[in-house]
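Paired with chain B in one complex and with chain C in the other, chain A is shared by the two complexes that follow.
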Partner chain A sequence: MTATHDQHGGHAAEGYPEHFEPPRGRAWTMAFGPGLVRGAWMALRVVGLGALLVVALRAWWGWSPYWDTHIVLVVGAMTAAPIGFLAGIGSFDYWLHYVSGRPTRPEDHSGHGARTWRDYFKVNTDHKVIGIQYLVTTFFFFTIGGLMAMLFRAELAQPGLQFVDSQTFNGLVSVHATLMIFLFIIPAFAGLANFAVPLMLGAPDMAFPRLNALSFWLLPIAGLMFLASFLVPGGAFASGWTAYAPLSEGQPMGQTFFNMGVQWAGASSIMTALNFLVTIITMRAPGMTFWRMPLLVWANFTTSLLVVIATPFIAGSQFFVMFDRIMHTDFFTPEGGGYVLGYQHIFWFYSHPAVYIMMLPGFGIVSEVISTMARKPIFGYRLMALSLIGILVLGFSVWAHHMFVAGMADWLRVPMMITTLLIAVPTGIKVFSWTATLWRGRIRLNTPMLFALGFVTMFVIGGLSGIYLGSVPIDIHASDTYFIVAHIHYVLFGGSVFTIFAGVYYWFPKMTGRMYDERLGKLHFWLTFVSFNATFFPMHYVGLRGMPRRVFDYAEAFGQLNFFISIASFVLGASFVIFVYNIVTSWTRGPVAESNPWRAHTLEWQVSSPPPIFNFDEIPQVVGGPYEYGVPGARHAVMSPAKEHVAEQEEVHA
Partner chain B sequence: MRKGIVQLVAIGVGIGVVLTLVAVLFKWLPTSASEEFDRIQDLYWFATIISIGIFSLVTAVVVYSVWKWRVPDDDDADGPPIHGHTGLEILWTAVPAVLVIAIGVFSAVVLAQNGRAGDRPLEVEALGQQFAWKFTYSDFDDVASGELVLPLGREVRFTMRAVDVIHSFWVPNFGQKMDAVPGITTEILVTPTRLGEFAVVCAELCGLGHATMRAKARVVRPAEFEAWIEERQA
Partner chain C sequence: MSAHAEAAHHEHHGPPAAHQSSRVDARVLGMFLFIASEAMLFGSFFTAYFFVRVVNPGAPTEWPPEPYHFPVFVAGVNTAILVTSSFTMHWALQSIKRGQRTAFLAGMILTFVMGFAFLLTQVVEYLNVGFNTGDGAFASVFFGLTGLHGAHVAVGLTLLGIVIVRGFRGHYSPEHHHGVELPGIYWHFVDVMWIVVYSAVYLI
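Showing the complex of A and B:
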């Protein structure tokens, strides 16, 4: 038993005498107590069980050969092993104890709070710890995805093949996109929201803390699965993150890692989203009506609805592809009666709403930052919330705009174009409202604000290129070219990633109790802003001029510009180093932050930095809107002033 | 206040002028070699004018606000508590709606024009197979060729099929693109208006050789085309 566990064991024994565990040695606990060690050996053990099951069943049915590596990998390594790992680290301990009638650990919330950095590597049910676990994990995968991008940008600096072979190139492109979408943008927002939303609601935690922990631990599984695909014969999955059938069906084994990795990442998203929905609906503090919720909460409410409704579709699409690959079904193979375009319809029915899953939380973050830093109420609060709902509803009616040149039914094009273009209306409302919030404000141009304003301008470019692509005739020319690559990076990098940076800087003092370095933050912003534009703006040009996407080789005419783009992308990569340096040094020895350095009104800033283990020493009573800046005497909530827990935190970090 | 408005407008116009120069001085689109692409280019410029307007407006307000109302980080006053303005909110809901509907109607018209086949277009079958295109002229005893040769000024209907995976037929100078999908046939119309050689590019990731799946398209005078066909038939 570790020191922590001894404490809880003792504590539990007092109140619940029937709950008794014999004292164990340190080595025993290391090997058999919940944790990464038990996770590792349990994962390995069930790989063996899975393999045995496959061989036994094949032998029983008389299928030769009994050993099929591909099937063994699917059953053993990609299905059983993750479950074994999750059981090993202790994700299921409480439930298994409960189900099997053994005494459960009393609800003493011993899993709450992180006392040392080691606690971040354990199953923890504290939403603040989970939020930070999410963020660190996602930035880890962001780094890997970024390095991959720089590798294939090096390849693209000249026409022809220089560094990697064709399959590796396609693999790098595919894994880059997959990591950035499933292991960075979507879960990074989930991480920020995990930290901020319960605090903003005045709740002690999420509604289902154990489910919350489980949904985090599914994430590294998905990430490692995507990365592991590089190690199998034939290399990583190489049919793009869109994995269109039938190309994906004829691919080597690596493709199956995508099919299954998406399942784990998707399950993680769905569980988190359900958790957010229940938390937001049922755990608001007294007086926190829907019309008093901060816009970040609104944004995560709508995002969670999108996730819950849409994500099963991508799971389905990948299962169908996998069944076609390993069970010889014919969902998407025309020879067997399958329908190729069916894949795209199912895939985009998730993947278009996924664009909003990757955007709406960012809208929320930016609303918080702009209102606070401009010291003004957000302009048109209700319309801001309603426009999120508008995007949610419209977002489900536009998927086929990804298929204007796919050969789908002609009549479907114009209606999909109209709904697509109409999304500009709620989005426009948001952009105009942010600019109106700036108007006559008292603007503090610090790092979060710089990223928020950078987002507003860059996102407008991404939105406008989206208008070009929404128009069917222009899309017929520009689809599948570098114009698309430029568009999605303006939306997802200039859009989502900028807001993630804004959010990380904004909540950094709240999360860590320390302040980041403002000068380095500004340097990071300007370097990122300039190199981002230098990298992605010229891509509009090469795309319209005739360069298709996902190619390692291209016409000589695009050589010079591609060289320029590659150099700019390396600068963009370098700018991230400044961010990492700033975060790491500030986290370890930055100046101690005040509890409310931005003088924000929302609830998370009314408690100490970092917040107490159960967030609020007393339940706050919400009495007004969240952004009543400049209104004399206005309060968002009534509660006693923040107790400074600084001294206590000093101990932890020492 | 009046001075402020003038300054704001000046910033907006300045940004707009710079963007217009960027849009005009660089040649963003390939030279059009088809009637269809001429129409698409008109639409492109219509969307570009609207885009420059909107981007200039938003950026001007952001730049102006930061320039006018920036305070030091340690300032602790608040701005005026303006919660909204119903008239403005209606305005910026209605105006973008009108603009996008205008783009939508224009697009629908262009799409309809580009999709309307005239009398007896030249029929060409395009077959995509990893990693090459094959063009079959069904009007002329199924003459087949790896090079696409088209007569000037005659409407061509491409009927596309794929053998193995999805490919996408694209001639950047024609501005027309369509996927070739296994199991179904798809169509696209092109009316070449310019003599010369153009690139045929595969635009949909189709495997290892996707990047090199290119072919040549040659637009020639009708008489030359007849001669080429005869030579092939022989």
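Showing the complex of A and C:
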């Protein structure tokens, strides 16, 4: 044993640096000190400045009308206000100090660590706090996105129009998908990795802690922007999360909220990815070679490369649509010499790699969980890492398989089909490796493991329907039907979301220092697993029978099955309530967790739960691979000898 | 030493120094990754250019289509100015590495002035170019690429301005010049990108 759990509770504040004492009173600090209050009023103030700038420039050029609500919203509410908010909460305080030419402040670590729940609503530079901020925020948006799904499933329970009109229906579907992708799956993985990766590497924090804080605070901005689109005339953006031009170019104002929201979410993603890459390259503990890194670190390394390279393309695609909409350019309008299909090429050049951005970190989580819970070294460790790189490289060569029916050049079809089917090879390697890891393991079927196994089975189904869709003839038949909806939910819900649940349960004791309720966790898993399949499996069938996606109405013949799907989806929604209840009650009054309840070897489990403020008192020395379970005498790392001594003493006292 | 022992002594408790596992400096690596991302953003704009000018069945046979024309010569002079500013930037960095403070400041100011002249010329060019954003896909591509680049020049000038302010306050020395080196890398990127933009939009 190298650590104890007695840092939890009353001792947690010890070792924390002194907070900087403000020279003014409490009310002054509340209103003018960095925080949400200052963020709110600074955001409001710069909205006015932005509006003024627009009106002044238009008046100077003599463009009438001087007041154009659409432009004012883009400049004031979607560009200036977020910057004002970020400045207000204090994201830029240190940098502005630097920029103004004053001497650099020595880091006092006052923005590090969380003592009360209030600290989670501040700019915090501690990667563990940021990880939890990410997770809570993303689950908030997951709930909203899920409620939207409940709403349009209610609409789809019978043919015809019942609850919402067609534009609102499309708006709900679009915002649901956008929130789930940009505000849940991608950032939830970033949150888990933010918490785990520096610990796993033996690093005291990320390479750029202030940038890390900034990239978190961009997220709620993007989320609120997507939601705010419901409030403007014409309703939310309704052209799907893919927002194909020219459909998106003729949409009401809400579409612009999508164009700009994606920029903020994308900037957040790129900053985090850059931070991960630099951290992984420059801050590994001594002895932590690339071939000794846990697979979660490998997964985030490859994912971050994908993000840094691919995300600018969705930024570009949304800029072009926005310019076409508000500056009357002709990027995608044929009458002005634009090229309509260009949108789909540019969009999918990001958005296909994005499905791996939404999957590779999940592969990493599942590798951790399966190896630990099966008490066996991961099968083919190096091949697991190399297959991630294989997916990374191949992932950039398949984008046009989304466009088999879009009217692109015929010769592009077969090459894209071949590369798409080739991706099944590295993915298959991973599935076989997990299976081989389980083979004759001493499997512990606890909640993280159940979700990991649920992931492997569901992902195989989603992967197989992906192979069908990758082949041109079947894709032409199944395009734009519910078969696609079934496929994407098997990959993204049965795949990514299951791995997020696995990761949250797996690291919950480490994050909070408390144990979740195992019985409720298992109930959550089985209810989710069954209702998930009841919801999405029938969609394969109705899809192949020809029911089109993204339409509020459908043929009478699909009525009964759709009613069944809607009921199942409500059960799926209800299963999430169990998760929230379990997490909230366990976090507040669950039993105190051990420092290493899973007896895992990776470094984050060798420190107390929750970890000390700077992770390690001394940087550990890595001496072996991360998954040597059941190998006699094998060690992943040696913690500092002094610490082990103290830990033993504390055990005696306890 | 454990957190407990530390608290008992009321010492300042900072993080343990991270192990430096690469010869590359974290800040320089971060800047290069950022530039990789930026290059891809330019890549998406060049992709739009490629679609409009090459792939599109209705692509214009003349570039720019009649009756418009681009001010190739003025932009060429502007290119020369921007490329020169890359050399003065390099001179400034080398000077501070050698501890020659006056040469460093002169180099920074020259770089800033040339960058500013470039941006100003571009604004004047926009006002006199004879077409607007709504005049066809060629104009979209022209304003898209040069505008994206202009925004980068503006960011670069801000960074250079910060370096100048801090330079006058004497914050850089032969030992500490990362604050000069990083904006310098960015500035070189902006210059190289302009050569590509100029060649693609104006020359070919």
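Descriptive notes on the structure:
Here is the rule we use: the second predicted complex is superposed on the first by the 613 of 654 C-alpha atoms of A that agree within 3 Å, B and C clash if a C-alpha of one lies under 4 Å from a C-alpha of the other, contacts with A are read in each partner's own complex, and residues count from 1 in each chain.
Simple rule for what comes next: a residue touches a chain if its C-beta (ideal position, glycine included) is under 8 Å from a C-beta of that chain, and two chains touch if they have at least 3 such contacts.
Predicted model, so just to flag it, every value in this text is computed and none were measured.
Superposition note: with chain A as the common reference, chain B and chain C can be accommodated side by side. After overlaying the two complexes on the shared chain, residue contacts for A:Leu151 are found with neither chain B nor chain C. Contacts of A:Glu618 after superposition: chain C is touched, whereas chain B is not reached. Of the two partner chains placed around the shared chain by superposition, chain B is the only one that A:Leu422 touches, whereas chain C remains out of contact. Within the superposed three-chain model, A:Tyr339 lies in touch with chain B and with chain C [touch as defined at top].
Looking at the shared chain after the overlay, A:Val571 reaches neither chain B nor chain C. The minimum CA-CA separation between chain B and chain C in the overlaid arrangement is 8 Å, rounded to the whole angstrom.
On chain A, the surface touched by chain B in one complex and the surface touched by chain C in the other have residues 334, 338-339, 341 in common.
Against chain A, in their complex, chain C makes its touches with residues 1-7, 12-22, 24-26, 29-30, 33-34, 36-38, 40-41, 43-45, 47-48, 51-52, 55-56, 58-60, 65, 133-134, 136-141, 143-144, 162, 165-166, 168-169, 171.
On the chain B side of its complex with chain A, the touching residues are 26-30, 37, 39-40, 43-44, 47, 50-51, 54-55, 58-59, 61-62, 65-66, 69-73, 75-85, 88-89, 92-93, 96-97, 100-101, 103-104, 106-108, 110-111, 114-115, 160, 164-166, 168, 170, 172-173, 175-184, 186, 199, 201-212. In the complex of the two chains, the chain A residues touching chain B come out as 166-167, 170, 239-240, 244, 246-247, 250, 334, 338-341, 374-377, 379-383, 405-407, 410, 413-414, 417-418, 421-422, 424-425, 428-429, 431-433, 435-436, 438-446, 453, 456-457, 460-461, 464, 467-468, 470-474, 476-477, 479-481, 518, 540-541, 544-546, 548-555, 599, 628-631, 634. On the side of chain A, the complex with chain C involves touching residues 7, 11, 14-17, 98-101, 103-104, 107, 109, 202-205, 207-208, 270, 274-275, 277-278, 281-286, 288, 308-313, 315-317, 319-320, 323-324, 327-331, 333-334, 336-339, 341-342, 345-346, 349, 612-619, 642-643, 646.
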